[in-house]
Structures are given as C-alpha cells and as structure tokens.
Amino acid sequence: MSAEHWSAKLQRFDRRWIFLVMAVAVVVPLFVPLGLPARPDPMTKAAFNAVEALPSCGPDDVPPKCARVFVSIDLDPASTPEIEPFYRAVVLHLKRKNAKLVFATTWYQAPPLVDRYLRETIEAAIAPAGTDGYDGAADRPYRKGIDYVNLGFRDGKGAIIQAFGSDLRGAFDHRADDGTRLDRIAMLDGVNKLSDFDLIVLVSAGNPGAKEYVQYVGTRNKLPMIAACTAVSTTDLAPYYQTGQLIGLVAGMAGSAGYETLVGKPGAGTAGADVLNIGNLVVIAAIVFGNVVFFAGRRYQRRGRTS
Amino acid sequence: MKKTVPLFIGIAFGCFAVAEFYIPHHHVGALSNEFRQWAAILAASAFILGGVNILQVTWPQIRRREPDWRYKVVLLVSAAIMLLVGLPWHKLGSPAKTPTVERAATADAELAARGKAAITVVVDDDVTFMIAGKSAAGTGRPVVTEVDPGEVEVKLSRRVAGYRPLTAKVTVAAGERATVHGDPPMIWGRDGRVFVWIYDHIFSPANATMFALLAFFVASAAFRAFRARNVEAALLLAAAIFMMLGRAPLGRAISDVLPDVAQWLLDVPSNGGRRAIMMGAAIGAIATGLRVILGIERSHLGSDS
Amino acid sequence: MTRALLLAVLALVTVGSAAAQPTPSAPTPVVPLPPDLRPPSRAPDPGPPPVAPPLAGVTDLDVRVPDNDNGRHFAIRFTRAADVGEDVVTAVFRRRWGQVAATAVFPTMLGPADATPRTWSVEFAGPTPPPLGALAAGDEVGPWQVAEVLAGGETTLTDEVPPGQYEYVVVELRRGPGDTIVAASAGAVIGPRATEASWFNTDRTGYLGIVLLIAGFIGWYVWETRKGKALYVRRLPGVDAIEDSIGRSTEMGRPVLYVTGLEEIQNIQTIASLLILGHVAEKTAEYDTDLTVANYYPLTMVVAEEVVRQGYANAGRIDAHRPERCLFITAEQFAFAAGVSGIILRDRPATNIYFGSFFGESLLLAETGFTTGAVQIAGTAELTQLPFFITACDYTLIGEELYAASAYLTREPTLLANLKAADAFKILAMLFIVIGVALATAGVFDLGPWAFR
C-alpha cells in the first residue's frame, strides 16, 4: 500500500496552526514595531486637504469666520481599532483650526463611545503644547455650547439622515443631548440643515453610515463630505469618491495611519499598521502555501494516473 | 379573510409609500411621518415578543439540563442585569443633592481691599470642579480660588462617566469667603455608572473580540479557498494578493507600483463589476417590491388556518 | 524851607513808586510750574457725533413659492447695493397677512437719529433696538417676526413657514460700536404671498417613468404568459441545491438552519429571504426535517414564524410545525453571530442557508458552518460580503439572484413574468449606458430637460 503523499496530509492540515501563526503575527509587532512609514494614499490626502482648506480662526471668533463642521460618529466598539485613530486625528486637525464642531450619531451602540470621545478629545486637549513626538500646533479644551455641541443619538437609518438634510433642528426636537435648546446656542445660529455646514465628516462603520449620507442627502444637496470607513467597506464607497460625491475617503486602519502621518501625530493607527503588514503577509503566505499543496497534490495524482 | 385584510393593508400602505415619494404636499408628508411613528411603535412592541420568545426557548432548555444549559443561565442573568441597571433608579426617592456652601463668619479685610472674594472647594481627588469657567482637579484638600464679587457658578463633576454633576450658584461679596463641599452622586440608567462600566469592560471587549476573530478566519479561508483551479480563480488570487500588498504600508515599502496597481484594481475592474451588480440588484429590488406591493407575491402573509 | 521839604518828599514818593512798577518794555520772566502743580490737560472737544451714511436698502425683492414645494416654504431673492460694507447685514421680517392693516410704504425701522437711546419706529412699537447679535430667527419684533438675519452677504433665502399668507420686508441694518444698530434702510415690502403645496414633484418624473416602464414590462410579460408562452429562466445552481441539501439533511438526521439576515422586516432583502423561507419550510415539512430559523429582529421572527407555519400547512404537515424553532437571537451584530455559531456547533445542522442582508459577521458564520461539514447556501445583495460567502459557502446567490429565487422556485407564471420584466429593463439600462458613454465621449453632458436631478 503506497504511503500517503505529503500534499494529501496537508490538505487535512489542522487550521488551528494557521490561527497560531496569525496570533503570533498580530501580537509580536505590537512589542517589536517595524517602524515602516505609513504613507497616505490619494483618497486619504484628499480628505486631509478638504479639512486643511477650512478657514482658521481664533478661539473666541464665531462663524462665519470659523468653520462649522458636522461630525457623524456611526460606529460600535468592534470597529474602533480601524477608524477611531482617524477620528482622533481629524478632531485634532479641526481643533487646530478652532472649527466649531457639531456631533451626532445614528447608531444605538455609539452614545457611550461618543461620550468617552467627547471627554477625552474635545473637553480635553489631545496634543497640548509640549506633547512628545508632536511638532504641530497645540489644541485646546473645547467649551460645550461655545465650541462644540453634541446633538446625541437619533434612530431611523435612511429616514433620519434625510431629516438631517432638510431639518436638522427638528430631527433632534430642537434640543441638544443634554437638553439645552438649540436656539440658545449661538454657534448654531443660521444652522438648520446639513448644507449649512462647511464640511461633513462621517466616521462610519457600516449601515447606516456614509453610503446613506451620500444616497439620501449628499448628492441631492451637493454636500462637501469626507468619510472614514472599515477596510471591507472601501470597495462600497470608492465609487462615490471616484464620482466626487465624497471628496475624501479614509479606508480602514491603513488610511487612518496615513491621516495620522499627515496630521503629524502618530497614534494607534500607525502602531496598528505594523500588525496590518504582518497580518497581510500571513494571509498571502497561507494563500501561497495552499496553492503549493494544491498543485503538488494535482501533479501527484496526474503522475499516478499516467504511470 | 385572514389573508385578504393583510393583503389589502399591504397594498394600501405600499402604494402610499411609493406615492409619497412623488407628492411633496405637506399633508402627505405629515401622514407619512405619522405612519413611520406607528411602524416604530410596532417594532418596539415586537421587542417584548422577542424577550418572551427568548424566555420560552431558554427556560425549558435549562429545566431539562440540555447541553450547554449553563450558558443559557448566563444569558438570562445577563439580560436581567442589563435590564435592571438600565432603569433610572436614581429618580426614585430623595431629590437631587446640591453642593453644601458654608460662609465664613467674618469678612477678609485684605480680600475686600483688593475687591475680591474667595471660594474654597473641598472635594475628593477624582472630582473636578469648574469655577467661573475655569476648571481644576480636586485634591482631597481645600483648594482656594479668588473670584470677582457677584454670582459665581461652581460645578462639581467626576472624571468618569455615570455621575450627575452638582452645580451651585454662590453669591459672594468683596472680602467674603465661601467653602463648597460636594460629592457627585452616582446615577443609573443608560448614562449610569454601572451601565457604562459594563459597556466599557464587558460589552466593548467582547464585541471587539468577535470582530477580531475575522482575522483568523480570513487566514484559514484564504488557505482553503484561494486555489488557482482555473483561469478565473487565478485572476482572483492575483488580484487579492495585489490588493493586500497595495493597501498596506508594506506595499509602498516594497515598490511604489503596488499601491498604484491596487488603486487601479479598485477604480476600474472592481468599481465596474460593483456598479453592474448594484444596478441589477436595484432593478431586482424594484421588481420584488412591486410584486409585494401589488399583491402578486403573497407567501409572506401566512396561512389561512 | 517847608515847601522844599514837601517837594523832596513828593519826589521821593514818585521815584519810589516808579521804581516799584515794572518797566513796560521788559517783560516779566515766566517761571514754569513744577509738573504736579500744572493743571490737568483737556482732550479736544470731539464735536457732534458723525452722521452714519444712509443705507440704500435692497432692490428687486422677489418672494415666490419654490418649485415642487410641500407648502411650507418661500424662496426670497433680492439685490443689494454694490458698495455695501461688511458692517451691514440684511434682516428679513415676515408677518401673517391680515394681522394688522396692510402698509403700502414701510417706514424706517429706527426713530430719530439724534434720539438717545435710539428707538424703534412706531411700526415696530418696541423698546430700544436690541444688539444686532441678539436679533435671531424667530424673534418677535412688534407684529413682525425675524425670518433670518443674513450676515454673510447672501441675497437668497428659503424661509420655512406654516401654510398661509405672508407679507415680507427686507431691511439693511448697519452695525455700530458695541454691536448696536446705528442705521437702517427703508424697508422693501412685498406681499401678500400665499404658500402653495404641489401635488406632484416634477423633478422626479424620470423616476416615475422608470417605475411605470418596469410595471409596463410586467404587464406585457404577464399578458404573454396568459397567452400560453413559456418563459425561459436560466438555471440558478444555488436554488436548485436547496432541495438536494434538504434531502441530505434528512438522510443524515440533522436539521436545517435558516438565517434571515441582519436587517429589519421592511428591508427588501429580508422580504426576499422570507419569500424563499416559505418554500424551504414546505420542503422541510415534506421531508420531515427539523428547521431552525434564526432572526435578528423580533418583528422578523413574528413574520418568519407565520411564513413557516404557512409552508407546513401547504405541505399538509401543520401538526409538525414547532413555533419555538423560530428564534429571536439578539439585535446586536456580533452577539447574533455568537448565538448562531453556538447553534451551528451544538445542533450541527447539515444545511445552512443564509439569505438576506449580512455584514461583518458573514465570514464568522460561514467558517463556523464549514467546520461542521454543512452544505452552505448563501444569498445577499450586500456587495462587500459576497466575496466572503463565495469563498466559504458551497453556493452563492449574487444580488438579484436572491430576488429571483422565489419566482424560480415556484415557477409561477406571474412571478416569472415579473422576473423577465426586470431583465427587459436591465437590457434597456445597458442601452442607456451605451448611449450615455457615447454622449460623454462626444463631450455632451447637458441633457437639458431630460437630465435627472
């Protein structure tokens, strides 16, 4: 009885070995960074340029001298490793310009995350003067109701996003998340719908998210929008970037790392880029290995038939 | 009858939903908003049915000690805990506390001469306070801040989420010294301490862990399925490798051509194929929607018995 | 002697007094005062306050109902003077027609220029003008209401109002020191204007045309089937495999798992999934195989249970129907994935069917199912998840194949006609694309009234 060919054994190869290799590939770069530069791709650069083009103003200036930016944070804890680094980088970028920020979310899992982000990145300085490894302009703690407003969470997917586009105040019952009447907030004077903002930033992990904004309000009102998405959604949103319906797209952790590089403050995205590199290599190695096994087995079978 | 009435309701509301897209009149918009409210109420009430279903399915499995019955206990206990901590218990019972304010018996002449007053805040070191727009951290010891005479707002809040801030408006005259004590109370409900703690320390890590499993499954699926059995499979394989290398920073380090190839794959073949599938799916969705709205398709309406 | 003595005294007095008087030709030297004794200096008298140059006001004021309006808007347009400065803002006021007597000529908003403090005119009947920054949309100013204060030089405004008749006034206001209003132009008045709601949105005529075209194709093909014509539909291997895999499950004595996707009941993919579920339920009833249906939303669970009951009834096996096998797992994505994975690993179904809308958990479910050796059939229109299903499942329905599946399964003529109609429109869409590409290549981008907006 002929011995089993090595390729046949490997066809039944326990995939937990692959899991182990992947685990090592993910953990080791966190302790031994490769330090490869995270060069931004054209879509990320376009997003950066859109924010950079906003006017800068002083801390006590008001719109229209200051830019007003709508930030929709539509994510859950699962997607934070990919797009939270972009969020932190873009907020630093916006705070350097003293832009007035309005936050909202359409994901029910997001409000606790949004509260934490506001405490850590808006009400506190992300990069105060003297921050190690950062040479850019320092930012400052923002004041609620003067520099930023949190409108809170609204359910309704496409319908509520449509409402944002036509009647933002009505969509939130004319009140911010903490109950303050919106007509008492001076930084919102003249803001009634999304087209009253200078830029819309979409931190979007899925549905509802950037796609719904583009489909329901962006195209109709020709809104200037940039979006960050998980890597798997890149192919979904890339057509909108190509047609100009999105003026910038930051795709996955690689995009977030590129944005951090442009802003000048490396963070979790840049640290995760090494993991991304090694992880991709493991997948490519798995593909190559699988094909080697496949072709070896096929050749062995053909030889067995001809001999 | 049991099928006719739902069919008629489906046709009526379906046709209204289609017509509403073309009729801008505000009466139609108001009616549409009203129907959406009804749908939201129905969906919310269905969650009660869902909870009952979970109990109906899980409890017999626990009673009969079926395989993995302990996990069913964890499921029910977790659901009960989240329900209980999600209720705003702090709204029951005693009214909200405000900080206590004590005033010194005599005025401080030196302060009065300078036209200032002083507010001393005594709070724990995990409490921050804001006086007249300026914030500082508590230290457990008295912290004195000089202010202009008049009404001054003092706000005490904890560093972590889940506590209600305490606010006091203290009116001080020149030379007056006031001391503010306070301990922001814990609140319950969606913004409460326990709910947020469970969200941050149990739900978030568990959610992230499940998503992280995808990395391992992608590797094992890639080993198993990406075989160049034929020309199409080989093209798919090559595209996958170029995309993975091109989208990661490693690709740029290897060659500047790789990111450009990846971008071309994204912009041309991927977008072209994607748009074709999207259009076909959209046309299919219109056709399916029309046949449900017009009552051509009725299998979703249930049985007559 | 005496006379000489008197003359001598007189001379002495005269000489003495002359010596005491200053010589007119020699001025007395002025000694400057020390600094602390000098009187305080005075600022020059400022004179009367400068008169603010008069404001020209706006012209060509036009208020009309926008096209395709819902009956709650006015489109306001006007022209400002060319040399108006940045310190001048435009205030738009409105009031309901009929509230007070109509005014043909609108008086100047502010009272006399030399009044201190400045007052509003009788028309506004209010106290002193508020600071300009405090004048906000919605503020009541006498019988008028502020519609908007345009500070950025805008010359158009869309005003949202309750339905009715309105009068509008547009005034230019000059901002002075301390944000005060120091000058106001004469008001340009227009009215009354009545809101008007449209009953048809002409911008969407194209979309209606598409829907009617598809409906027309459906009507055409239904008519063809009624004439007895057989309609050809190509083979869908994934749908054909459903019955084979249910048979396999029966032979192995293992259940069938059906997952309806992660969207709500109103999502078209969920509806398509439930349409197929009915047929799957009928087959499992015929083969006497257990069927487990995992649902993401409770409302979907309720409908799925009814659909499964209908399927069992159609097969004449209503007695075999077990409502508790239609499960609501949870409405949280990865908890749902964990729950369904648990069902797969415990119950080890021989067939897993994933039809509907899926997201990041698709590969988790498919890989877990693969480990148990199940036959897996998936169908979704979520383009980002198709690669994962194609990689990990045995059969995949791509996009519209999911919508075609129920017609393919029943082979009912009306449903097949619906399918053919969609295909016919797809051919028309391809033709439009070719025409569009040709036009774009020729540089023609403006289609005038034919353009979709």
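We just call them A, B and C in the order they show up, numbering each chain from 1.
In this section, contacts are C-beta pairs under 8 Å (C-beta built on N, C-alpha and C of every residue); 3 or more make two chains touch, one makes a residue touch a chain.
Predicted model, so just to flag it, every value in this text is computed and none were measured.
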item	value
Farthest chain (mean CA position) relative to chain B	C
Pair joined by more contacting C-beta pairs (B-C or A-C)	B-C
Cα-centroid distance, chain A relative to chain B, in whole angstrom	16
Gap in Å, rounded to a whole number, between the CA centres of chain C and chain A	21
Of all residues in chain B, the ones touching two or more other chains	207, 210-211, 218, 220, 222, 224, 226, 274
Contacts with 2+ other chains: residues of chain C	332, 334, 360, 383
Per-residue multi-chain contacts in chain A, two or more chains	76, 78, 109, 235-236
Complex contacts: residues of chain A adjacent to chain B	13, 15, 18-19, 21-23, 26, 36-39, 41-42, 76-81, 109, 111-112, 115-116, 119, 141, 143, 155-156, 159, 231, 234-236, 238-239, 242, 251-252, 254, 257, 273, 276-277, 279-284, 286-287, 289-291, 294-295
Interfacial residue positions of chain C with respect to chain B in the complex	68-72, 163, 197-201, 204, 207-208, 210-211, 214-215, 218, 264, 266, 268-269, 271-272, 274-275, 278-279, 297-299, 301-303, 306-307, 309-310, 313, 318, 324, 326-328, 331-332, 334-335, 337-338, 342, 346, 360-361, 363-364, 366-367, 370, 381, 383, 386, 388, 391-392, 398-400, 402-404, 406, 414-415, 418-419, 421-422, 425-426, 429
List of chain B residues in touch with chain C within their complex	18, 21-27, 29, 39, 42-43, 46-51, 53-54, 56-57, 67-68, 71, 206-207, 210-211, 213-214, 217-218, 220-222, 224-226, 274, 277-281, 283-292, 296-297, 299-305
Contacting residues of chain B [partner chain A, same complex]	36, 40, 133, 135, 161, 190-191, 196, 199-200, 203-205, 207-208, 210-211, 215-216, 218-220, 222-224, 226-229, 237, 240-241, 244-245, 247-250, 252-253, 259, 263, 266-267, 270-271, 274-275
In the complex, chain C residues that touch chain A	133, 136-138, 148, 151-152, 160, 332-334, 359-360, 383-384
